[in-house]
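Next up: the structures, one after another.
Consider the two complexes below, in which chain A is the common component and chain B and chain C are the respective partners.
Then we have the complex of A and B:
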């Protein structure tokens, strides 16, 4: 978790964890976050690698390393505008895309590797989400907290759209949401980092309002845990490491068959605990 | 190739290969899968076999009820629309049960494809 001092009294709190899951021994997911203190920009990344035993883990780590290096250098020239931050994030992701493609070309054992990406940037009250693949970002808006206590309505919004065959079939009306859990190729993606050049991604900006939270997760998490259950826990306990650990445990208890990863981001007073951020390696189990 | 295996007392009695784009199920002699049971409607249900437009070599199989009197079910849930069938599901046509067997094994490895 990381307290971030802004020019206003608001604070961003972050907690995250990645786990190999109940079936796999290798963890191809990776989570990472950091604060560019001079520019007061907070970044977070969740990447779910693919492409074989070693390739998947390399692709997710390579994306994080490349993006972090790129943004660190580029942020020194940050022009204090939302548009410029979007450009930095897009260019950093393209650099990661090229790095993965280069590794694919140079090493035959990595020829099929790639990774999903959810790349978050928070500056002032602006939230930018760059997305490719089937990892997800959900918004848990603050005003729904009281409504949630009185109803069973879902108190979350999915901010990203999966780049997957299943999502395409849903869009075309070929299948229904009830069909999805039983489809054997539900993990087939239509887009990811390292697969196409130039990188194809979606980029969206939102206002991150006081009391709101973000849940960023890999498919190993959301395929095993109901978002109603997850959002209820987050609303009850706030954004902290204990909540993240409990979320991951929910996916393990539900026998997730994939690596499972979560990052929580809380904006403002909702985050109850303050700790120093640590590198993602220490958050990977 | 996917098949429907008719179950009588949980024993496979007859196997039907799903080898056409559309197969009708019902009591009428013109049906591809004919069931001579008065509880089964003349045209009871429809099976559709479609090539997946995103993944080469993958076939999706769907079932829909054709307005039958006594209903069609998958895993004892009534079929209300067009439903994709998955391996090992049990289809019930009125009181006749079929086991759906798909020859593709589940593929849980994440893979990325480039769509054109």
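Then we have the complex of A and C:
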């Protein structure tokens, strides 16, 4: 598959990988991306399932399949507006929410399953992020080369806010970020796909500038890797499969205790650092 | 299933047949061959021919010649004139033999059968009598007999005009003997080794069994010979495995035994009981994959074949399900004491996580085992079996204080003070031993109303299982009684227990928890940042001391709570004396 060509002059480069990690034997994370060529929309999904046994893996897989088939069908009637794209994405996520809830109701062994979701849509210069749970999306703005050379701390912005107990505690100021790794309830989510009906999600749209990139990751990644290290690597090496593999390796080297997954998206072919994009349909180790 | 069992039968049969395949079988087969075939191979008859040629007189020689001629006639069309003349000559001289007579005329008709029977008898003797130890004597006997047979054959021909071809018998006797002798040397060595292995394995198996080790026992037993002793050991092992709930292993042991001896004791009955129980369990496993605790409980309760055990304790019945796992009523058979056995299933944990959990569980449980206080549930023993850890403790008649937490079911205020005083004293004792409970709450306090007695249960261990579970595991217990520092994941000291005891006191007095919220994040935030309502706002009849004590115990700042549990106990004692005029020991 060729690099996903975006409407002139920009190009979207996507690479991603999911790994079961150093502790778990089963991978409940899933990553997926595709390009609706007729409408020229790029989609990317990262889902981190939960619910024990086979439930977690099923929930993430189910959400991806449902969202993809729903989005494909709905995109055919795309009205070339940002609002309509948002509607399509929200409806697709709602359909996935229902699919998971149905599976929960039908099969007792899946009664606790659910999944986090980061669902990205890119159209023209618009970036839409639909989010539920504690997987994250970071924006790495287009670097001015001089700035990058001077600064030791590359800039990045977290575009999503975790739906977690810890985040609520942080927001209330009862704990500090230094407390986070020790909080007994650090893994407890306050929202996810499959848990509530109707689905509760956050939806945000951004304009992106050429040369900027997105890092989408599961908690197994961001709990093990500092964003400074990750963003520096991305700035140095650009958006490609090798960078993704190195990012995953960083989380494995840091003994991540969960499944670890990353999707990188690069906007525009700044040849200086986006060397080559090798998108694949799905890469699930 | 039936196809499988047929396959098993077939392989058993092959195995048994293979067991028959020894050198003795070959000897018997050779004898049968010689006894049955009408025409023996020529090379075997050669000896008889030679003996005849050596021994026979002229007339007898002619018979052999006749025989030769008759044989030749089959292949030649032309008849030699000389031969005809010879034949005519014989007739003319009035010889008793006619030209068509052969050596067979000298052989009595019974001989044919007798010779063949004797071959079989010899085979039988060789197989049954030769055990390899007969050595030189037997070789003389055998060679002597063979020689005698040949001499007998010669003299009968020479002097009695009888032709009894015993050459084949003699050859068979010698050849078979040589083979047996040769083979037996190896078999004897093998047998010696096999017997030695049997003895060693049997002893080893018994030792393992005595030590309560189950790994490798069956493999060891499989190396033993199928003696009664082996079968007894296998049976005992299978019973033991059954008791330990290692049903698969028990089934393999019973199957092994049943293959050796189908009628051994009640092995068939046990095997079929276990197999049907196994099928039921498989069904349950499929149904309840996501309920490891329930599954484990089912495994213990549903087997009727034998009273299950955990360690040395006999499991009598299930008492309930705790945060860690199922709790059973057990009996220590050595001293006939009833014990409550809490189990913690390992199934819900992954490798490195499990190692850490086990390490912590045993460390904490052993520490708790050192506590000896009238208001602390005594821990007798900790141990583990394949897939779970267990802790055996004093079995207390009574119910947990959960039962008295609702506004309509509250205990008298003075009783609540008495209970909290006793718990505070127990905590004071434990904290002095550097042991923190970590999870003081009504459900961990067991109360016996008749005896007015309360005991603190689960010192140190209550939170372990919870804290080790990740998001993908099970729902972690509610933080209702947790101190703010615990919620922050900070190092916990005795003052955390004081906070939790304050929350328990609050609830036993009012029927309400100090902090309530619709969801977990809200609740944790309230515990960390909001002040609770005064107990007198909920129940105005309470004495002022109730407000004072609960507020001090529930202070967000550990340094502003009671400095230690003894200080809290002292406050309660004073309040009991002042507010209730109660005599306090």
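Assume the second predicted complex is superposed on the first by the 264 of 285 C-alpha atoms of A that agree within 3 Å, B and C clash if a C-alpha of one lies under 4 Å from a C-alpha of the other, contacts with A are read in each partner's own complex, and residues count from 1 in each chain.
Everything below uses one rule, namely that contacts are C-beta pairs under 8 Å (C-beta built on N, C-alpha and C of every residue); 3 or more make two chains touch, one makes a residue touch a chain.
Since the model is a prediction, treat every value here as computed from it, not as a measurement.
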| said: Taking chain A as the common reference, can chain B and chain C both be placed on it without clashing, or not? Answer clash or fit. | reply: clash
| query | Which partner does A:25 reach: the first (chain B), the second (chain C), both, or neither? | reply | second
| task | Have a look at where A:175 lands relative to chain B and chain C in the superposition and call it first, second, both or neither. | result | both
| said: Is A:82 touching anything from chain B or chain C once the two structures are fitted on A? First, second, both or neither. | reply: neither
| query | So, A:73: does it touch chain B (first), chain C (second), both, or neither? | reply | neither
| request: Scan A:185 for contacts with chain B and chain C and give back first, second, both or neither. | output: both
| request: Report for A:111: first if it touches chain B alone, second if chain C alone, otherwise both or neither. | output: second
| So which chain C segment collides with chain B once the two are superposed: 76-84, 382-390 or 490-498? | 490-498
| chain B and chain C footprints on chain A, overlapping residues | 50, 56, 112, 165, 168-169, 172, 174-175, 179, 182-185, 187-190, 257-258
| In the complex with chain B, residue positions of chain A that touch it | 48, 50, 56, 112, 114, 133, 165, 168-169, 172, 174-176, 178-179, 182-185, 187-192, 195-196, 219, 257-258
| For the complex, which residues does chain A have touching chain C? | 23-25, 28, 50-56, 108-112, 164-165, 168-169, 172, 174-175, 179, 181-190, 257-258
| request: Could you please specify the touching residues of chain B with respect to chain A in the complex? | output: 50, 52-55, 58, 60, 81-84, 86-87, 89, 104-115
| message | Considering only the defined contacts, which chain C positions touch chain A in the complex? | response | 287-290, 348, 350-353, 466-467, 470-474, 476, 479, 482, 484, 486-490, 519-522, 524-525, 528-529
